[in-house]
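All chains are identified by letter, namely A, B, C, D and E, in their written order; residue positions are counted from 1 within each chain.
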Amino acid sequence: MIFAVMAALLVTMVLALVRAFLGPDLYNRILAINMFGTKTVLFVAVAGFLFGRPDFLDIGILYALVNFVAVVAVLRLTHHDEPATGRNGDGHS
Amino acid sequence: MIVLEIASGVLLAAGALFVISGGVGLLRFPDFYTRTHAAGLTDSAGAGLILLGLLLQGAGWETAVRLLIIMLFLALTSPTSTHILAHAARRDGVPVWREGDPRR
Amino acid sequence: MIATHYVYWLLFALMMIGLYVVISHGNMLKKLIGLSLFQVGVFLFFISLGKVDGGSAPIVSEDVETYSHPLPQVLILTAIVVGVATLAVGLALAVRIFESYGTVEEDQVLLRDADDREQDGGAS
Amino acid sequence: MTAHLPVLQVLVPLVCAPFCVLLRSRTAAWLLFLFAALASLTCAVLLAVRVGGDGAQRYEMGGWPAPAGIEFVVGAFNTPVLLVVSAVAVVVAVYSRRSVTSEVDARRVPLLYTCLCLTLAGLLGLTVTGDVFNAFVFLEISSLSTYALVAMGRHRRALLASFRYLVIGTVGATFLLIGIGLAYAVTGTLNMSDLARRVADLGDDGGGNRALYAAVVFVFVGLAVKIAVFPLHAWLPGAYAQAPSAIGAFLSATSTKVAIYVFCRFAFTVFGTTLVFGTMPIDRIGLALACLAMVAGSAVACFQTDLKYLLAWSSIAQIGYILAGISLATTAGVSAGYLHVINHAVLKAALFCAAGLLVLRLGSARFTALAGLGRRMPWTFAAVVIAGLGLVGVPPTAGFASKWALLTALVDQGQWAVVAAVLASSLLAMVYIGRIVEVAWFREPAEPGTGPTASKAPASMVAAIWVLVLASVYFGLDATWPAGLADAAADALLANGGE
Amino acid sequence: MTTFVLINVTLLAILIATALTISGMRTLYAATMLTALFSLVTACLFVLLDAVDVAFTEAAVGVGISTVLLLGVLSLTRSREAVTPRLRRLPGAVVVLFTGGTLIYASQDLPEFGSPTTPVQTHPLTDVYLRQSQEDIGIPNTVTSVLASYRGLDTLGELVVVFTAGVAVLALLGPLMQPAEAREREVLDLVDYRVLRVVTGMLMPFILLFALYVLFHGDFGPGGGFQAGVIFASGFVLYGLVFGLDRAQQVLPRRVLWVLIAVGPVLYAGVGVANMLLGGAFLDYDTFAPDDAAAGQHIGILLVESAIGVTVAAVMTSIFFGFANRVESSR
């Protein structure tokens, strides 16, 4: 069962990654990255159980924390600069 | 003990399902706001169920405490970040998708 | 060969993407991002040297037999710190460059530099 | 306490740095740096005496025996480097008092001395360490503080120079890290002596181990960036010329020299002479690059119109001489290389100090500003010319002694092409020194009104310059002392560590 | 072991795809966000490769600090990259080809990944660090014992590097550079996010507690001074972002930071000097308790970790303040 959860997590990571690549605007990317962050928290927890050493869940707590910091930072520090990047800022050259 | 194991299995399976469907939703939904919904689903329901399932695996109280802390933390932060994201997007004028619009 | 060395090859590919970004991109911030990609590749390479099949994190506990090697991890802890220190200094320099040149594109900075030099007759 | 000398050597400047920040006063910071430099010079002298008496000194950090812990090793092969670095630091400390105040914003002066302490500690640590990863750490300490120092230059170009140095330097350091990683993968150790033993166990040619060959390549490419070997020199002119004068003098005299020493350490005592110079063609590559550096560096120097840039390019050429000597991998060659390390450090420090004095008095070291001032500032220009003749290699200056040693070593090995390159480069050096003379004495001042602006040259700066110039003349007249050090170093290195 | 390989390959593939996308992206905001994502994946890989301490650090540094700094710089500079002319890409491609070629060439003789018979694993050091250390130092987390005791000098060096970075950023961006120019009124548009402020307010004590826990739990699990310092700093960054820089700087004034930055190296080196005065070698913690070496080691490691924690937290916070002050004043 745990293995299935791990597989589901990895698939979801890839899906979130695709959304982060595609954009199309800043908010979609932030959303995808935020979700990706939650998945990594789960990844750490599940990997601990999968490989039989679930003692390192401190890392999960930290991931949840920095993920939050990153989202707040993105909102706080990108906001004014260029609203233009928000709307049509597709990154691919 | 077998009850616990079954319960844990069911919770994990449900969590996995939520997580995957949220991921698909994030990719397939047509605009930012609907995607927020999908992401919120995986972050709260998916994560909560999986963590609960792991909790029932029974790996000592130290691990259980940490799992609970993670759960609490996620329950606090992830709705908050979704909220401020949607708020900021709304104020920045990210348009809402209506039936018949192209996807973005 | 593939089963035993695939990690190295993938990590080398990662390093090379980073190195390419550092050398080929003219934007200073992009260069710094590339630098951290390059370094992360190297960090992962070190860590992979210490990994043992079926091993566990080198935190000694009674019911664990095999552990991965702690030394590469210690080295990489140090190296990560060095990396972020370099990044911070590089970013501070980029900010100052932007304030005095109005751009962080290396080509344009060089162009403005050439103007400087014509004015004061120096050469490099 | 004498047993602790190797660690004190590094520790004193290291600890002075945070105190500079804590005290936050310009004078206190300067005094601390002077103290750090004097203390490390004392340590270096005492260590040199001890090494001369009872051979190599080892110091095990934390009392852990060598491969498990980190050890410091001081032997005949690194005492010359310790002496040069700390002696130059003392002179620069004296010189910097006035020079720095005139060039750097007063509020940043304590931070400048903090960084100088850190650079000194990093360079000394890099020299004494016996552990490859620890070498990386010290390299980064010295590099990071150097970036900050360069960025404190007066012009905005200093920022660009610093940024380029940061990017190139970090790529170089990462290459070194990859090399260390590959060597670690093959041997499982980081201690230099242990590494050398295990590499030797693999066989004469490294057992044909391709990962080991790649390790050698990566380590040397990484170091080549720090040495500024010819095609990887792009960071050097900007960094040396744009940094505040005192910093330029200190860096030009020490940082590349220490990198060269680390190169020797890796080549001769870690990977082994047979592997590096026998199995792998590092000697031929080194000689070829050295020739290119000598000719190209001197040629480009001839076209510079700013004294500092001229000196920086000449440094690239001089590094070529040193590299040529070491690439020969013979006792005579390595000894010549070391001798030139010492002499060039003294000469370049003198020249950069003199350039700094010109900047102080004229506001610039460009030729247009210097024109026709030879008669008005005879002492300063006399110092420039004497040291410049040293760069050319005219007897009886110090440059002649080391160049002669190098030529003898080259002729012994029949490397006539390199001999030709050395001679060509010396001719070019004559041209660029000649240009300085021409500008200073035979050109009319651009505007009659522009004379020295600062009323008088500060005595401390003049003293620093003349100490260096006189030292260079002394080493030219009587080379027994530096030559003795260099010979001992070469012997120790070629005896495969001689530790 | 196939599970491991599958996860490993998936994560590495994600990593490479992200790196490629970053290299092709010209909007730097998006590239920065992907860098954060890249760090998260890297941290997962570290967990997978048993390097829990490293994963801890990478997550804290890569996401918590680097991303925030990069974003701060981006909001100061232009956020769109110019197109690199094709000709300029050539040297990069050539260098990459040569370097990559050398690495592939080297990989032929690299030991098998994960094999227990590689030179790294068979070297006597492995035994020293994993078994001997239990008697010499007696700390379950061998990474901590190697970091703080066996290779304590490296860690001192690391601390000095952090210190150097702090000094360098201060010299470049510090308050020294800007005379107290009248800053515009606080333009904080997160003010209207009441939820965020309430939640952050609730989290703050928890974050600081977590930092302390990580500092003192480093002997038994992943963590240690550096990680604790970074967590503390990112907590402070969060506080500054949500409640405004001025309030954050009131809580932790520059003067205090300035002192704290310097305290760490002095304390660390002081421990070493004390060992020398007590008759041991530099950083020989045994001398703290001559009768019980392990107890001495414990004291030494705790002191050293605290020194690291203090300086790292102070440096990271003041670097953030340095950048953020520019952001404020440029608006």
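Rule of thumb we're sticking to: a contact is a pair of C-beta atoms (placed from the backbone, for glycine too) under 8 Å apart; a residue touches a chain by one contact, two chains touch by 3 or more.
For each chain, UniProt lists the protein as follows: A = Multicomponent Na+:H+ antiporter subunit F; B = Multicomponent Na+:H+ antiporter subunit G; C = Multicomponent Na+:H+ antiporter subunit C; D = Multicomponent Na+:H+ antiporter subunit D; E = Multicomponent Na+:H+ antiporter subunit B.
The shown structure was predicted, so the numbers you read here are calculated from the model rather than taken from an experiment.
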Common contacts of chain A and chain C? E
Using the touch definition from the top, how many steps at minimum link chain A to chain E? 1
Measuring centre to centre, with centres taken as mean CA positions, what chain is farthest from chain A? D
Geometric centre: closest chain by C-alpha means: C
Out of every possible chain pairing, name the one holding the most C-beta contact pairs. C-E
Provide the C-alpha centroid distance between chain C and chain D, rounded to the nearest whole angstrom. 26
How many Å are there between the centre of chain B and the centre of chain C, using C-alpha atoms for each centre? 33
Distance from chain B to chain A - Cα centre to Cα centre, in angstrom: 12
So the centre of each chain is just the mean of its C-alpha atoms; given that, what is the distance between chain B and chain D in Å? 58
Which positions in chain D are in touch with at least two other chains? 133, 137, 140, 144, 147-148, 151, 178, 184-185
Got the chain E residues that touch at least 2 other chains? 4, 31, 52, 72, 74, 103, 107, 110-111, 118, 120-121, 125-126, 129, 151, 154, 157-158, 161, 164-165, 168, 172, 190, 196, 203, 221-222
Contacts with 2+ other chains: residues of chain C: 15, 19, 22, 32, 49, 56-57, 59, 61, 71-72, 75, 78, 82, 85-86, 89, 93-94, 96
What are all the chain pairs that meet the touch criterion? A-B, A-C, A-E, B-E, C-D, C-E, D-E
Of all residues in chain A, those that touch chain B in their complex: 1-2, 4-5, 7-9, 11-13, 15-16, 18-19, 24-25, 27-28, 30-32, 34-35, 38-39, 41-42, 45-46, 49, 54-55, 57-58, 60-61, 64-65, 67-68, 71-72, 75, 79, 83, 86-87
Which residues of chain C touch chain A once you look at their complex with the stated criterion? 56-57, 59, 61, 64
Chain D-touching residues of chain C, taken from the complex the two chains share: 15, 19, 22, 28, 31-32, 35, 38-39, 42, 45-46, 49, 71-72, 75, 78-79, 82, 85-86, 89-90, 93-94, 96-97, 100-101, 109-110, 113, 116, 120-124
Going by the contact rule set out above, which residues of chain E touch chain A in the complex? 3-4, 7, 10-11, 14, 17-18, 21, 24-27, 29-31, 33-34, 36-37, 40-41, 43-44, 47-48, 52, 55-56, 59-60, 63-64, 67-68, 71-72, 74-75, 79-80, 83, 187, 189-190, 196, 200, 203, 207, 210, 213-214, 217, 221-223, 227, 231, 234-235, 237-238, 241-242, 327, 331
In their complex, what parts of chain E are in touch with chain B? 190, 193, 195-196, 199, 202-203
